[in-house]
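Dropping the structure in here first, questions after.
Naming follows writing order (A, B, C and D), and every chain is counted from residue 1.
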Amino acid sequence: MRIGVFICHCGTNIAATVDSHGLAERAAELKDVVHTEDVMYTCSEPGQAGIQRAIREKGLTRVVVAACSPQMHEVTFRRCVEDAGLNPHLFEMANIREHCSWIHDDKELATEKAYEIIKMAVAKVRTAEPLFPNEVDVNKDVLVIGGGVAGIQVALDLADAGLKVTIVERETTIGGTMARLDKTFPTIDCSACILTPRMVDAAHHENITIMAYSEVDRVQGYVGNFVVDIKRKAAMVDWNRCIGCELCVQKCPARGPDYFNAGLAETKAIYIPFPQAVPKRAAIQTDYCRWFQQGKCRVCSRVCPANAIDYDQQDTYVQRKVGAIVVATGMDVFPWEEYYPQYGGGRIPDVISGLQYERMLNASGPTGGHVHRISNHEEPKTVVFIQCVGSRDEAVGRPYCSSVCCMYTAKQAILTKSHCGDDTDVYVFYIDIRATGKGYEEFIKRAQSEFGVNYVRGRVSKLYEDNGKVMVRGMDTLLGHQVEIPADLVILATGTTSAEGAPQLAQTLNISYDEFGFFKESHPKLRPVETNTAGIFLAGACQSPKDIPTSVAQASGTASKVLGLLAKDKLKTSPEVAVVDQSRCVGCWKCIDVCPFSAPEKQELRDGTSRSHVIETVCQGCGICVATCPVNCISLKGFTTDSLIDQLEEALLG
Amino acid sequence: MSGAEIARQDRIRELARQALTEGKVDYFIGWKAGHVPSEVIPAFVRNVDECDMLLWNPLCHHNLTTFLKRKMPDPPDARIGVCVKGCDSRTLVALLQETLVDKERLYVVGVPCDGIIDRRRLEKAFSDEVIDIAFQGEQVVVTTRGGETKELAYEELLLEQCASCDFPNPRYYDDLAGELLPQPEGPPRFPGLEEYEALSAEEKDRVLADAFATCIRCFACIHVCPVCYCWDQCVNRSRRPALVGQKVAAKENLMFQMVHMFHVAGRCPSCGACDRSCPVEIPLYLLHRKMNKELFEMLGFQAGLNVEDKPVFQTFNIDDALGEQ
Amino acid sequence: MKFLARDQLPTLLADLSTAAEVWVPVKQQNGVVQFDRWAPDVDVELDVFLARQSPKENVFPQTETYLEYRYLMVCSAQRPEFTDQTREELRQLVESEGGEVVAEVPPVAQELLLVADVGGGSQGEPGLGSAAGMDDSAQIILGLRPCDARGLSQMDNVFGGYGGFYFDPYYNVRRNNTTIIAVTCRTPRSTCFCRALGGSPAGTEGVDVLMTEIEGGFAVEAVTPKGESLVERSVFEKAQPEVEESAVAAKQAAEAGVNVPFELDGVREGLKAGFDSPVWHDLAMRCISCGTCTYVCPSCYCFNINDEIVEGTGERFRCWDNCFNPMYTLETSGHNPRESKHARFRNRFSHKFWYYPDKYDSLLCSGCGRCIMYCPTHVDIREVLRTMSAETTAEKGEA
Amino acid sequence: MTDSSGNVKIIAIVCNWCSYAGADGAGTARLKQPYDFRVMRVPCTGRVDPLLALKAFEKGADGVLISGCHPGDCHYSEGNYYARRKFELLKRMLPHLGIEPERYTYTWVSASEAARWQQVVTNFVTKVGELGPRQGGAL
């Protein structure tokens, strides 16, 4: 055995607190180590070339790189040693940066710790065995979860490239948040004019199936071979018959809150969210339906010309087999009412959210595009916008910037002027203006100079009703004095939050999410649209707050990653899987009990006895069976019990 | 011996005879007298005319379920009749839960049990060899080789676990030898731990270090255990992985026992077979009974109660409320 | 013959312990009697008939380190080739480390050499596999029964190079430094069968001094020259004639208490004839295949050898093994010729009464009965031997 | 707090997907941590046999910390559910084996909880440090 150890300086990232050169000398005394060197940047081209040269010239059979986290560069170095003819699994990383140099100050102690980390890695690599991946067939169909603008973009890109795509959308129509917007910044073009043609494209595309009013219930399998159970929620309307004529909606006597219009209006118990809905199909909100609540009515059933109403409809489940999954579940509006009592907590009628105002501005919205006060339906003369409600505010647990509010507030301020006239006073309370996109800064400037919107830097401390007005009390921090504005209408630039149910979906998919419910990308810079679960990708605002241009751009990026994955006919599976030493298996079948993936199976031997056998391409390498097997005859390649014990001994006895 | 005990013994013989006559089993496992009357040993009866040597009395401590586990039946596909007490039946249930014994090849005679006497404690009361133990009502008459005779109260000689038995009746059986006994009420009891539990960490460490320094790694505790069935493949012997050091020294010996304990966790009902079999009398119950106490407090779980249950570590509950921080 | 007054026993032990480590049966906290180091505050337990284990471990420890070693990296990054200079460097290293080079493995592995730190014990002179480094201080074992002493004497053959076979340095260093003071049995148990094997509760095989309990003290006889010099001590009084008479009476009483449950003649033949007999299956039925019987046996001697190593530093040691252990006969191929329980079971008895006697001219059983007492399922060696003897008769009868 | 004396030996067994990444995050954020712990990476806490933790104690560890994904967030969906039952039993048994309860803990740290990782490690190492190296030891 000939082990080479390469110790990285990482510029000064490691070398400032760890004596990389000294470590190279010490590591040379470790058993089986025949070559050591310290390198300025091991991951650089010359650094990697140095490793390959040492493998060739010194006949190295194992390599340890002591540098950054394996999550950063394990793949890089595995490829590097493989190119030099070594099996990539005869390589091990010692993380002396994230786990040592960056968290310590004392150079002597940090160097000692780094030495032990290296010893543990050497001990681990010593028992490493060459591993070889398996190949599995790839299913080239794709599931897109969420039919907003990002999901539609991904679906269209993939479908255009020839892949079969299924869009699962939990509402009755695709379109997502963008469908609820009036205009888009910085161009002030009509949101629907951009989006609805894309929705129609998706609906008519021969490679796209839209499953609206459906949710992902269960996901099994692995990259290239997912099996997804989809729940089709009962709409109480047979969508194969419904023609979207809306007769039922017109005649329905019962009303319920209107999610699509952000609660600004009511809708009928049987409804179609908006005229351009795709698919344009009716659904009954049973909570509000008289038939379901009181057992009488059935008006819709009587008026339906297509005989589509089905009061007995049940949820159904369908299964789809796909090779990749794109999560594009978007975002929700921050529920400001719960968090901002100082703004009335929702009890002042003329204080509304940005999305409500968006619906008010919209010509097909509940007010027909007419801006008025909620309290008395009069046109407002003074309109105040308050930014960063539910963003950049640690007091409400939202430290992040929602990234779209500055821009949509400017847009809405401009639209206010055009809807209500120049004589309407418009104020915007802001902390900072973030206008980093193309044409964004110019757009803000236009709002200020061309449209005369008053930007006041400062937070609003309190909103209260007084004499028919909403009193806006705040601080103008530039002028340094209190201001109090009697407003007719106050619009809160409510921030974005992760979509409802996002953590549950993440658990179903086995992907990570952050404390706010946004899904985590595999690496913010290197793998920004991948998740840590192979074959599952992200697009749009489900990952972090995004505006439309960014969502669409990312969606196309995601589509290209999916295409890259599915361009292969076969996929290599990780060889770090469980394997049974059948000569020692006692056939207690505990492994079969505990495996979440059904990877172990009973295999009959020639002598008639049965032993456990792990199907390599099904095994995901978690090792639950390994910890469960009483005779320890299952070992997890790459993480054998012996290698763990060796590491323990190095850390404790050395 | 009480009338009930005699009735049970008669019934065991009768059921064994029946099973053998009908060809239901190839052999029947019960208890019989050893080389001295004070000794009761496992009996393997193949012929009908041997059935009369089967015994039932408070010396029948052996958990016969151990002879059902892997590699024990001879021939391997034998159809076996077996007697089980309440505690024994729980180990059988644990094996059945894992489908590691074939129900179809098994004929189980359940024996309600009033409690087994602690022969070890009894013997320590004499310097001479105890060769006869007779039961007369509530009294136990003990005779030594030298001819000394003493009468002792049955109640006071019971094994600690029997004195507070929660399951005097078998949990699983095909036929019953005798009437069922009243089922004790209340939560399960885990006797004999209080004194040890009250010790400081340092004192416990001392007790265990002393106890396990005497362990000779004979594997009696493991091989006698009905739910420890890895036989030749026991990881305690394995060099790859080398989970347990092969040196016979206190640390390694305790680790050895930890392997046993963690591997039977969720399936061990504290039948006490390991404890009774240890040739150097290491108080194994301190570990195994404690483990069961903790499992009960942790998840309300008791091993080997119902065939359809899953052993506690082969399943989970999303709502497990445990003590992680 | 000498006499030792009972109240003089502590005086004797104190006297003996000045020159040697003295081991006596002691009742442990849990009531189990085991051999333990004597010290002034330790009570010698002679009432309990047999200690739980014989003092086998005093001459044949359950775990015994042969040697410790570590790898020196002579061909590490600093010393890339194995040259004369490397060899010289190594020589110097060895000098400073106090070990011995036992292997050089260039150029195949090119990177390591093995250095033995010690031979035998934990510290001392170099010398791989020799007993040079062993602790060779004297020990005296007092209070064991004649069957235990006989067990040791039976083991002597296998370790002592009998018949030109292997001479085990470790065992013999200890054995030669050990003095055995046995005590005649007072109350033999029903499990005793020394007499069936030609022994006696007052037997002297392997014994240096035999003490027999009589009224007021012990009748003391020296059996070997080592014993002769021991009983020279002043604590021993000259025995009066009645001491001798009492001793004879005590021995006779003990003899009378030991059963002869089978005839030794015919056992070996029976085992041989019945090797393939199905009766082994019945006999082994109760066996749970643990190793208790062999580990409490005063004459079972099997062991295996292990290496445990961490980062170039290792230890080679032996541990008791037993024929019920699956690895006892496991072959590298994975095949185990004694796969089944009955085959392992058969080996134990055949070895003690057939294979060992054939090779070492000695039985390997002294009839102490511990295996009967401590077997978790009370497998009875007497029953096995009786049954197997009958096998011959049956065979002969048929013939 | 930062770099302590180095007189106790602590093993931190962490899962690859959550806690290892969380520890990475703590490093990236330069969150100072005590010196006395060594990280061992496994794919999932479900891979961790409680006997491995006992082995660490047997080999001389003064403390063992196991950390994985939060329940419900396991990369393999169920690993930490199985693991926590075993870890809890171990936690309850260790004091019974003469090992102070402060010397062992199991917890959940997600990939985004860098600060939590720092806090978990610091608290644990501080507590074990206060107890000092383990004396004697049946295990």
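To be clear about the criterion, a contact is a pair of C-beta atoms (placed from the backbone, for glycine too) under 8 Å apart; a residue touches a chain by one contact, two chains touch by 3 or more.
Worth saying up front: this structure is predicted, and the values here are computed from it rather than measured.
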item	value
Of A-D and A-B, pair with higher C-beta contact tally	A-D
Rounded Å distance, chain A centre to chain B centre (Cα mean)	55
Where chain A and chain D are represented by their mean Cα positions, the distance between them in whole Å	29
Chain B and chain D, separation of their C-alpha mean positions in angstrom	36
Euclidean distance of C-alpha centroids - chain C vs chain D, Å	45
Contacts with 2+ other chains: residues of chain A	594, 628, 641, 645, 649, 653
Chain C residues counted as touching two or more neighbouring chains	none
Contacts with two or more other chains, residues of chain B listed in rising order	231, 233, 242-243, 245, 313
Pairs of chains, among all present, that meet the touch criterion	A-B, A-C, A-D, B-C, B-D
Touch list for chain D against partner chain A, complex	2-3, 6, 9, 11, 16-18, 20-21, 23-24, 26-28, 30-33, 35, 38-44, 46-49, 52, 55-56, 59-61, 72-79, 82-83, 86, 110-113
Complex interface listing, chain A residues touching chain B	584-586, 588-590, 593-594, 628, 630-633, 635, 640-642, 645
Complex contact set, residues of chain D against chain B	49-51, 54-55, 58, 71-72, 78, 81-82, 84-89, 91-93, 95-100, 105-108, 135-139
For the chain B and chain C complex, residues of the former touching the latter	34-36, 39, 41-42, 44, 62, 66-67, 71-72, 74, 124, 127-129, 131, 145-146, 210-211, 214, 216-220, 222-224, 231-233, 237, 239, 242, 245-249, 273, 276-277, 279-281, 283
Touching residues on chain B, where the partner in the complex is chain D	196-197, 201-209, 212, 243, 245, 250-252, 254-255, 258-259, 261-262, 265, 286-287, 290-291, 294-295, 297-299, 312-313, 316-318, 320, 322-325
